[in-house]
Amino acid sequence: MPKRTIIPFGPQHPVLPEPIHLDIAIRDEKVVEAIPSLGFIHRGLELLVDKKDFNDMCFVAERICGICSFIHGQGYCQGIEEIMNVQVPDRAKYLRTIWAELSRIHSHILWLGLAADAAGFESLFMHSWRVREKVLDIFEETTGGRVIFGVNKVGGVKRDIENDVLKRIVGTLKDMEAEFKPLANVFIDDYSIKHRFSNVGMLSKEDAYKLGAVGPVLRGSGVSIDARKLGYAAYKELNFEPIVENSCDCYARTIVRVREVYQSVDLIKQAVDKIPDGPIDQKVTGSPNGEFFSRLEQPRGEVVYYMRGNGTKNLDRYRVRTPTFSNIAPLVKMLEGCELADVPVIILTIDPCISCTER
Amino acid sequence: MIEKQETVTIASQDELLKKVAEMSSSGYRLVLISCTKLNHFQVDYSFDKNYEFRNFRFCVPVEKPEMKSISSVFTNAFTYENEIHDLFGIEVHGLNINYGGKFYRINIKAPFSTLKKAVAVAATEEGKK
Amino acid sequence: MPINPFVKMTSTVIKHLLGPTACKMYPVEKPVFFANTRGHIAIETNKCILCTLCAKKCPTYAIQVDKPGKAWKIERTKCIMCLACVACCPKKCLTSENQYSAPVTVKVVETFNVEPPAAPKAPETCPGKE
Amino acid sequence: MAFIAFLILFPLLPAVLLLLVESPAVRKGIIIISAIAIAVISVDMAFAAPKNAAQYVDSAFHYLDNILIAGELILACTILYLCRNLPFKKYWIPLMVVLQTGMILWTELSGKLHDVKTQHVFFYDNLSLIMAVIIGVIGTLICVYAVGYMNQYHHHHHEIPDRQKLFFFTMFLFLSAMFGIVFSDNLMWLYFFWEITTLCSFIMIGYSGTEEAVNNAFRALWMNLLGGLAFAIAIVYCVTVLKIVELDDLLNSGKSAAIILPVVLIAFAGLTKSAQFPFSGWLLGAMVAPTPVSALLHSSTMVKAGVYIIIKLAPAMLITIPGTMITSGMMIALIGAVSFLACSCLAISQSNAKRVLAYSTIANLGLIVLCAGVGSYLALWAAILLLIFHAVAKALLFLTVGTIEHQIGSRDIEDMHGLISKMPRITIIMLIGITGMFLAPFGMLVSKWAALEALAVSDPFLPIAVIFGSSATLFFWGKWMGKLIAITNVKSDAEGRICHEEWFVLSTLAAMTIAICALFPLVGTYFIEPLYGRDPILNKEHIIMVAILLGLVLLVPVAFFFNWKKLRNAEPYLCGAGIKDNFSQFTGSLGTKEWKLSNYYLEKYFGEAKLFKLSVVVSTVLIIITFTIVFYGAR
Amino acid sequence: MSFITKSPWIVHYDGSSCNGCDIEVLACLTPMYDVERFGIINTGNPKHADIFLITGYVNTQNVDVIKNIYRKMPDPKVVVAIGICASTGNFFRECYNALGGVDTIIPVDVYVPGCAARPEAIIDGVVKALGILDQKKNKTYVAPVKPEGVII
Amino acid sequence: MKLLLAALAFVILTPVVCGLLAGFDRIITAKMQGRYGPPLLQPFFDVLKLFEKENLMVNQFYHSFYLICYLVFMVASGILFFTGQDLLLVIFAFTLADIFLVLAAYSTNSPFSFIGAERELLLMMSAEPMLLIAAVGLFMATKSFKVGSIASVADLNTILLLPGVFIGLLFILTIKLRKSPFDLSTSHHAHQEIVKGVTTEFAGPSLALVEIAHWYETAIMLGIIYLFFAGNPVIAVSVVLVAYFVEILIDNTFARFKWELTLKSSWAVTFIFGGLNLIVLFIIEKVKI
């Protein structure tokens, strides 16, 4: 009986944009055990509430993660607004929705590229990221930054997007969609992609639900849960259905993300059509006192913030439960019995965002 | 926000475990376990089913920082509970995967529990330099 | 076996082989930034009143205001372009240019003499740029 | 010819002496002295003897027949006696003994032999000389090795009763029998010696007396007896139908279709002896025997008796079976091909070094059988070269495994990780053995090269099998080498504990592996080509090319002494989880961890569970087909 | 002339960054910015790399990792700290688990400011690093002294 | 004398030609990926730079012995090939060279090198049958194993007799050139599974040796392709270039395969295209007689 090979995988590894570590035990190339280890990015920024006031914490929240930085800011602000009972103007809500959906497009295409790269498909990675730059240009034009936007604030948003710019954005997105389509078809149909993704990292519907999987991982296993359905920001008024795939493997998760790109483009179109005119922020006075669990759908899934204010500038507790954190348990499950070559693909399939996981 | 958030405070650990088992059997999933240090440790177990958010609160005294794991009911609880152990210094009994304090591997023991505001301010001064 | 799944990527790849490159060719071609791209913080030294508000608001302590020395200092390797300083300045003398700060080999604190009567010298040399 | 008598009879002397002496020192002396005597005589004979046509020894003594009858009876009784602790319900084993001895005795006593020409009893030609040198040199080297080994063996295994007297008796008896096989021309004698080797093998496999050993011994016994039975039938057929009892008569009897049946029957016996599929099981089971036994009986000599007889029969196997378009050689070649391909693949899935060697042995024998079956001059040339190279290199490998096993307490390849750091010299010897088995320009590869060129001429089926098989070979030898040469920081003084005899034997064999490679053109010119009376195969160019490669292999280590500038040592890359100056540990998830590296075994594709059965089925079908068409053709 | 400036290979490690700078580093490799024009390849392996791009600041857990990677790079090598986190630690240096910028544990040759650092800035930084690499190769490199603030 | 000159020319010209080929490869790859790409001479810059670097090693053996053997035997088998020696011997020497690379990786005792080495062996096991079958096929078509006489005999007929063998050879060319989808053991860019596979531990000059040896390897492989069309050098060279281009294209349109599919597909292709081709050829010849 062959013995095990035990090797470290990460924290520094070409396939991992971020440090995570696994002790992998393999036999031939079959993974018999994979124990994850975290903490390489642990900053303890939740404790910064002691040092930064609740307004400045918005900057911190944005820097929990650089990929869906915007949504972190949005989640934080929405939570505080809820505690303080601030009525955010509708235009701000729509703008938040638009930026959030743009973030999702950017994040998903970025992920698709990384997934292609994890499977050793370099050209697909390159082309995905080429398409993604179009979205980054929109960001830079509207917020002034390519990845960290800094447009959220408690009570609304800092920058407005003019209506004609919004129209132009929709046009740009159409172009992007046209360029994305052939790439999406590669993800959907290509033989080698299917070879690498199909039947890899199986996570049954029951396991996905029980182990607390979120986002595309959950929806790829056939469970229709999407926190946007809670109706925060402008989602209440937009028409969409959670995207669900049933094959429960890496391929399903990939397809969920491909389809969500199209869905997000559609949501932005709807939002641009419906966006009302008006102010973009609401003056906020006083300090938060109370508690709230704020839930949002990030590209990687549902994120939960718990905030507790005590009437001073500094919060008592700011707690972030990010999607990746929730997906760690399913990840361990998925890694059981896979091939060594699947490890990068499976790790990527939860779209790990370690910086937010460890905060 | 259209969702309704309900928080129920529960007195004893055993009752909590019963409640958790009940949640599991009625098809809820564990969304979050979070801990907050007030005068005691406030531990919140949050569940969700069909976007319905239910939250059970349980208090752990600072003097005796111990609690029981729910990882036998919800396997994925181990991440939260290990985190709580590392950050708050609460001993969690009955973990299915116990990292034994190596989850985050921070040098400061239980920073969320011990770090006083005074220390924080000192750090701020240092940061300014 | 249908040939299609094996050649899904081919058309894209061939198209780009024959077509122009998507590369921006920086630094051969100068980049164009959007008007409100957030870049480095500039100060109009003749307007500043050394009120220290910006230094207090800056979350990373990138700005120091030396009241007695009449100097406004910024450490560019600390600034995260959050624009909190720009927003809070009562005299609106801070602006964000759309050019990013240049990489440096040593961390320096740039000091601007804030002397309202002083002639505004054109900052010809950038210490970061050598 | 005196030396034939010497070689057959002389080993019996130390055999009997060793059965009697108690003192280890005396035993050692006897073994070494007789080993030298046998080796010197066999080599001398090989050089002294004329090397053209076969030479025959007429049966000058009539009492030889009586000796034979007595011997047969003693042999049968011994086997029957040993069958007393027969495992459950295998009554057909003694039955087979009785049956075949009965047949032989009937032939002998019924007077059938009177009208059969019985002129030659013994003979020798270049092939038997080569075999004799292998037996005389390698066989005795292994005996010398066994002196040290068996002491260690009993030191490690207290539970096994010390029966070294029996052990060495059997070893020398075996040598005698082997010489008998290669020099016998009379089929009756050949059969007699053949059965003695079966008995020796049986005793040796069961040496340790454990349940597993006994079971495996009986498996080996019945499979070999099956071959013996076929042999006996062949003899009866020859005597009664063909009126022949001598090998050369059989081969020179006008190539008529009538000889196909006995030839195939004897070849069948050869297949069982050389553990070809479907009879490979016994050789694998034989690995429970002490390692010198594996080296001597089960890789370099006894199993070679099987392929030896097949090579001898090769010309007769070229006769087309009446009513079909095929020759019996083709079928035999196919069985060889199945064995080669399957065993090369099966070896991939094994981590027990002796099992790997066993599979590789069967595979190489398969290749020899394949070449013999094809029977062309070039193919036979390759077959004989393979036989020589394999005997040396495989004996070396078995013995090194034995030595290493005693030092590290395991014969698992995984446990040999980083052996070069612990026991550099022994590892280099082992590496020489392994390279000898599969890399250019060493012997086995040169022979494979010749085999491929020979096979390519005939048809594409066999080359394809050989090609796939040798690629599999590449994999399992390669990974084994990799295991050995990983450089770790673990030091050990284990090497100092190895005794002198073992050192001597191992280094001699290693030197021989290299030397034969350099000298193989001479072997070709002086032994093989005259055997078939044909032109040399290798032209100068081939030899020069191989010589250049060999030269390179030996020269390149010089680069070692070259002074490379700017050297800095750093621990291996471990994804940043490494620990400074620690070459075996990293910071793992739950604390510091040791990294471990194990080879791939590709169980899914090359695992024994499926592949072994499949090969047994395929080869059984092939054998049944062969016999069916042979019987059909004979009628 | 030294060939090292014509073929600088990089290895990237994400210290404790927020991802923002990481994806900008990756973006440098992709079609829009394509640093392979300068012969730059992302090797992913410190043993092949000449330039160590590091994003994010140092925390108690990744100290060893960063030192480890640095040690395993063959000389001459340069370290480029990308982003405010890697340069000075951002506001995260106030966190309990942070040690500060990368220069607290290994020598840093170039700081690329920005949060997140733009791809253009990263390219500028790498180009600057090339000069240093060349000097290190020719053994003419003198570490710059930190000036006491610059008056403008 | 002529042979000596041929050998010398091979030793000197191969790095130049294959380096340039690699340069084109990288530019074309970049263009295919929508990038601009490095300068043409980039492969040379890389190798020269590597020689300038410090030689960082886990132990001295792999550099001083195995890697040098790798290069020496790769060159030797190239010389054997280009001076027209026995094709089987060339392939065996070529395998020997490859084995030394694997051994070098093994000897580092590093996890990723080790896995790379196992995979490299697996790849060798996948590719070797086809190479040998190609040799046998060329023998059946031209009645010679000698590269020299194959080259002089080969004509249009050769390729018509051996279409399957040629396709099979193109298939394993991907393996030998370390191109996606078969770059399992190491790749020219960062390898997503095992960092750099076999070359993980080779730094500086050691890596340069590997790179140069790979150029020779490429030359031999392309040489074997050339052999099929040797009758007409113009066609032969263009076929080689087209084959190389196709490899680049395949490199850019496939994800990496896993080991199982690699082994299965290459053996299947070897058997179906190579093996059946030989069998058909055999039958044709039998029928002719």
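Lettered A, B, C, D, E and F in written order, each chain numbered from 1.
In this text, a contact is a pair of C-beta atoms (placed from the backbone, for glycine too) under 8 Å apart; a residue touches a chain by one contact, two chains touch by 3 or more.
Since the structure is predicted, the reported quantities are computational estimates derived from the model, not experimental observations.
Visitor: Moving only from a chain to one it touches, give the least number of moves from subunit B to subunit E.
Guide: 1
Visitor: What pair of chains is linked by the largest number of C-beta pairs in contact?
Guide: Most contacting pair of chains: D-F.
Visitor: Taking all protein C-alpha atoms shown, work out their mean, then name the chain whose own C-alpha mean is nearest to it.
Guide: Closest to the centre of all protein C-alpha atoms: chain F.
Visitor: Going by C-alpha centroids, which chain is farthest from subunit E? Tell me that one.
Guide: D
Visitor: With centres defined as the mean C-alpha position, give me the subunit A-subunit C separation in Å.
Guide: One centre to the other, that is 27 Å.
Visitor: In angstrom, rounded to a whole number, how far apart do the mean CA points of subunit D and subunit F lie?
Guide: Averaging C-alpha atoms per chain gives centres 36 Å apart.
Visitor: Round to the nearest whole Å and give the separation of the Cα centres of subunit A and subunit B.
Guide: Computed value for the inter-centroid distance: 24 Å.
Visitor: Averaging over Cα atoms per chain, report the distance between subunit A and subunit D in Å.
Guide: Distance between chain centres: 65 Å.
Visitor: Can you pull out the residues of subunit A that are in contact with at least two other chains?
Guide: Residues 5, 7-8, 11-15, 19, 29, 37, 39, 42, 44, 47, 51-52, 59-60, 63, 121, 123-124, 126-127, 130, 145, 148, 190, 192.
Visitor: Show the residues in subunit F shared as contacts by 2 or more other chains, in ascending order.
Guide: In subunit F, residues 30, 32-36, 53-56, 111-112, 114, 189-191, 195, 200-201, 204, 252-254 touch at least two other chains, as defined above.
Visitor: Mind pulling the subunit D residues that touch 2 or more other chains?
Guide: In subunit D, residues 566, 568, 570-571, 573-578, 587, 589-590, 595, 597, 599-600, 604 touch at least two other chains, as defined above.
Visitor: Enumerate the contact residues on subunit A facing subunit E in the complex.
Guide: 11-15, 17-19, 39-45, 47-48, 51-52, 59-60, 63-67, 69, 110, 113, 125-127, 129-130, 133, 136, 145-148, 353, 355
Visitor: What residues on subunit F touch subunit E, complex-wise?
Guide: 26, 30, 33-39, 42, 45-46, 48-49, 52-56, 189-191, 195-196, 199-204, 207
Visitor: So in the complex, the part of subunit C that touches subunit A is made up of which residues?
Guide: 4-6, 8-9, 11-13, 16, 22, 33-34, 36-38, 59, 80-84, 96
Visitor: Note which residues of subunit A are touching subunit D in the complex, please.
Guide: Residue positions touching the partner: 1-13, 19, 21-23, 27-29, 35-37.
Visitor: Quick check: in the complex, which residue numbers of subunit C touch subunit F?
Guide: Those in contact with subunit F are residues 6-10, 13-14, 16-17, 21-23, 25.
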